[in-house]
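See the structures that follow.
What follows is subunit A paired twice: with subunit B in the first complex and subunit C in the second.
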Partner chain A sequence: MPKNTIVCRCEDITLEEIREWLQMGYTNIEEIKRLTRAGMGPCQGRTCRTHILRELSRVSEMSPAELTIPTFRPPVKPVSLKTLAGDGND
Partner chain B sequence: MFDTEMLIIGGGPAGLKAALSAAEQGADVLLVDRNPYLGGQLVKQTHMFFGSQKQYASERGVTIAEILTREVLNSDKICVLTDTTALGYFEDKSVALEIKGTFKTVYPKRVIVATGAQENTLIFPNSDLPGIYGAGAVQTLMNVHGVMPGARVAMVGAGNIGVIVSYQLLQAGVEVVAIIEAAPRIGGYHVHAAKVRRLGVPIYIAHTVVEAHGRESLEGITIACLDEKWQPVKGTEIELEIDVLCISVGLSPLTELLFQAGCKMEYVPQLGGHVPYRSENLETTVAGIYVAGDVCAVEEASAAMVAGQIAGLAAAGSLGYKQNNYEAKLKDAKNELAGLRRGPAGEKVRSGLWALTIAAGEAV
Partner chain C sequence: MAMIKKKATVVIIGGGILGASVAYNLARQGLKDIVLVEKSYLTSGATGRCGAGIRQQWGTEMNCILSRESVRIFETLAEELEYPYGIDYRQNGYLLLAYSPKEREQFSKNVALQNSLGIPSRQVTSAEARDIVPHLNIDGLLGGAYCHTDGHANPFHVTFAYARAAERMGVNLYSNTEVLSIEKDKGRVCRVVTSQGSIDCEIVVNTAGGHAAVIGEMVGLDLPVYPERHQIMISEPVDAFQVPMVICMSHHFYIQQTTHGSFIMGQGDPNEPKGFNINPSWQFSVELAKKITSVLPHLKSLNIIRQWAGLYDMCPDAQPILGESPEVKGFFTASGFSGHGFMIAPYTAKLMAQAILGEEPEINIDILNYHRFASGQLILEPAVV
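Right after this comes the complex of A and B.
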């Protein structure tokens, strides 16, 4: 696919970039995430995760069920520091 | 910081029914939803439901949302917090909430996760152009906010959401130029697909979007026929001039909180992706955490409502609240859910469920 196929919209990562990393031998979504920032934007990978897993599954010939997925850390959505600091009673 | 007997996360069809069923047995419920209103996706569903009287057959989704919301607000056992997001589940069994911009920690004795699902996307060249939406997002724009998404629309996906939203676009006066379906058959119910066909909308089966065009926003797409290996066939390209493309290619469960809680999960494509193991009572492998609705199996709202009843009853029962014909109601709801999944439409869900069911009391 040409260069303008965006996989991760938050961080502007293209399918071509993902495939380049996969060809270099990175076959773990956690590695791809740290190398490219795919999945580290505001949506936290909700859009790109399945697409990257599909690519990984194709290259590694493993089913998506066998592939590890990134850890889902809280907070599940972006929260302002003001909000986090506001709970004086806790 | 505060305590609650039962926290229900998500006020869609599953969460609303769970809250009502638990409250009816005597449990105190805190129901939270990130939207400013209750009802979840029901609020934009202007089509009538099938099924039996019990499952609100012949009512429109939006009416069901109104009925359930009224019942919930009238219950003195249910406290409702809208504009409230569950941000995380922590090791000390607390849940962090953002309540209208303020942060609070809640310690619930039981949790029902009814967070629903999100729309899947497709990637192809220029798939990030403005004008390319999820079909559900377009339905929200039209039916909740009264905004026309554009003038000429194409729909990707001939499942129920794809054909229903296409029909609602036509009702709103938007031109629907094509429905494009990658599979060699239409996935949606015949009655819904027949309605759009009668209005002259072509349905291209075994076709896909090859690429989108446009400078500032969407101006058109190229579609092509797919061979048996799902590859586009050269020479079969068709150009469509459109300003909106709706993507309706399935939903993925919103399971972050379940992962954080340490629930045992499994990738089951028939159920929409990663979903939790659960008992017949819809308790996960973590004791005290229950699930209902699309978060544990992408299905229809009717099934979500019945699953909500089961989870609400079972969670209340586990706290000792069994005052209102408990056993019979739980049994009825389980039979009802099995009934909804009977027949060819439930085949996919049934085939996905057998591997995920754990024995009651197996949760730790």
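Right after this comes the complex of A and C.
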């Protein structure tokens, strides 16, 4: 992939940025998420986490299956405050 | 994983903002052989789950001073720590809402105390509150308090900035390393046993957040700190339109727009049981959405994208426990932050480092020693969410 490929579309994070943090020694996906915001957008990392995990497995020499993935947090899809409040009429 | 060191001067337990900032302050003062152990990863505890709001509008002198001095440090922290990514620090103010005469009276006392300590807060009428936060629904609002130098920062970058600066000065930082027990010799701490091996040491610093009492038990102390779940949720990022943090104590909620553009909001539940549960609940998001759409109706179309929870390290008087334990020499605690440990960490860590090095801390922190619980000399902080 070219290095300016966008890995996390929600937060506009490029592959190059992810690689920079990995090179600095951040090899835990939880730390990468918190430092770059990759995976903190509306899609909750559905797209980017596989890309990040692949990069991570390359650096850490572990298979993607051995790496833990961040918790999916509710809600599953973005939901508005008024829907949550049960006030669907306005 | 690399082998951990077998010997250290100080072992700090916990990789949250307190652990990282105490490590940095000790190293900056020239102490060698400092180790920090974290059972998971940096910011995995309350620090990485918090709202990261920074306010100086407190009701006890200690909380006022600790937050005022921390604000001074936050102002130049990224430069001090030579952290190239910045810490997203903004001073956009905090607006506290009063819905009862009692609350308004308390704010008036608090503001007088804060002003006497040089904190530029003031009481506001409900119309003034609406000037500060346009679109605020002021039905039933009796007024409030406002301080324009309150603000927020990015808790991840602040912690990593402290940790990296500490590492550059030689601190050894071990993630995935859990403290299992602590050994004593003639009333002094002498060894910390971890999941990765034992470390002989002279001093142990307990900055384990919601787990501080568990660490205290390891040396036979009964610290009155207990964990309590607090939930929080965040919206998608939107253009900046609400500038300050809005807090409503009587309805136990707060909401603030972060530098990144998302709104972060939380609510305390007065009936939350003690315990280590950090599962998010559905009721929380529904209740909070109701309150927010009523006080800030213009936010009703805002989309919530994530919800989570973390532990407050609660203390019965909502003030931290700081200092060495008289019973167990070399055992220092900095915990019991009761929901405001992020904002007071920078100055607290500086004072802790002075105490650990055997110096007189630059302000007297004796009243925050845990002996206050035995003597019953509690000064209750009234302004908590």
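Here, the second predicted complex is superposed on the first by the 83 of 90 C-alpha atoms of A that agree within 3 Å, B and C clash if a C-alpha of one lies under 4 Å from a C-alpha of the other, contacts with A are read in each partner's own complex, and residues count from 1 in each chain.
The rule we apply is simple: a contact is a pair of C-beta atoms (placed from the backbone, for glycine too) under 8 Å apart; a residue touches a chain by one contact, two chains touch by 3 or more.
Source: prediction; values computed, not measured.
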| item | value |
| --- | --- |
| Subunit C versus subunit B on the shared subunit A, clash or fit after superposition | fit |
| Partner chain(s) touched by A:Arg46 [first = subunit B, second = subunit C, both, neither] | first |
| Subunit A residues touched by each partner, larger count belonging to subunit B or subunit C | B |
| Which superposed partner A:Gln23 touches (first subunit B, second subunit C, both, neither) | neither |
| First, second, both or neither for A:Leu81, with subunit B first and subunit C second | second |
| Superposed arrangement, angle subtended at the Cα centre of subunit A by subunit B and subunit C, nearest 10 degrees | 140 |
| First, second, both or neither for A:Arg34, with subunit B first and subunit C second | second |
| Subunit B versus subunit C as contact partner of A:Thr5, first or second or both or neither | first |
| Touched partner set for A:Ile69, first subunit B, second subunit C, both or neither | first |
| Where subunit B and subunit C come nearest after superposition, their Cα distance in Å | 7 |
| Footprint overlap on subunit A, where subunit B in one structure and subunit C in the other make contact | 71, 73-75, 79-80, 84, 86-87, 90 |
| In the complex with subunit A, residue positions of subunit C that touch it | 41-44, 48, 85, 156-157, 160, 175, 235-236, 260, 280, 282, 285-286, 288-290, 292-293, 299-308 |
| Subunit C-facing residues of subunit A, complex | 28, 30-31, 34-35, 37, 40-42, 44, 71, 73-75, 78-82, 84-87, 90 |
| Parts of subunit A lying in touch with subunit B, wherever the complex brings them together | 1-2, 4-7, 9, 15, 46-47, 50-51, 63-65, 69, 71-77, 79-80, 83-84, 86-87, 89-90 |
| Complex interface listing, subunit B residues touching subunit A | 1, 85-90, 96, 98, 101-105, 118, 120-121, 123-128, 252, 255-257, 259-260, 266-269, 273-274 |
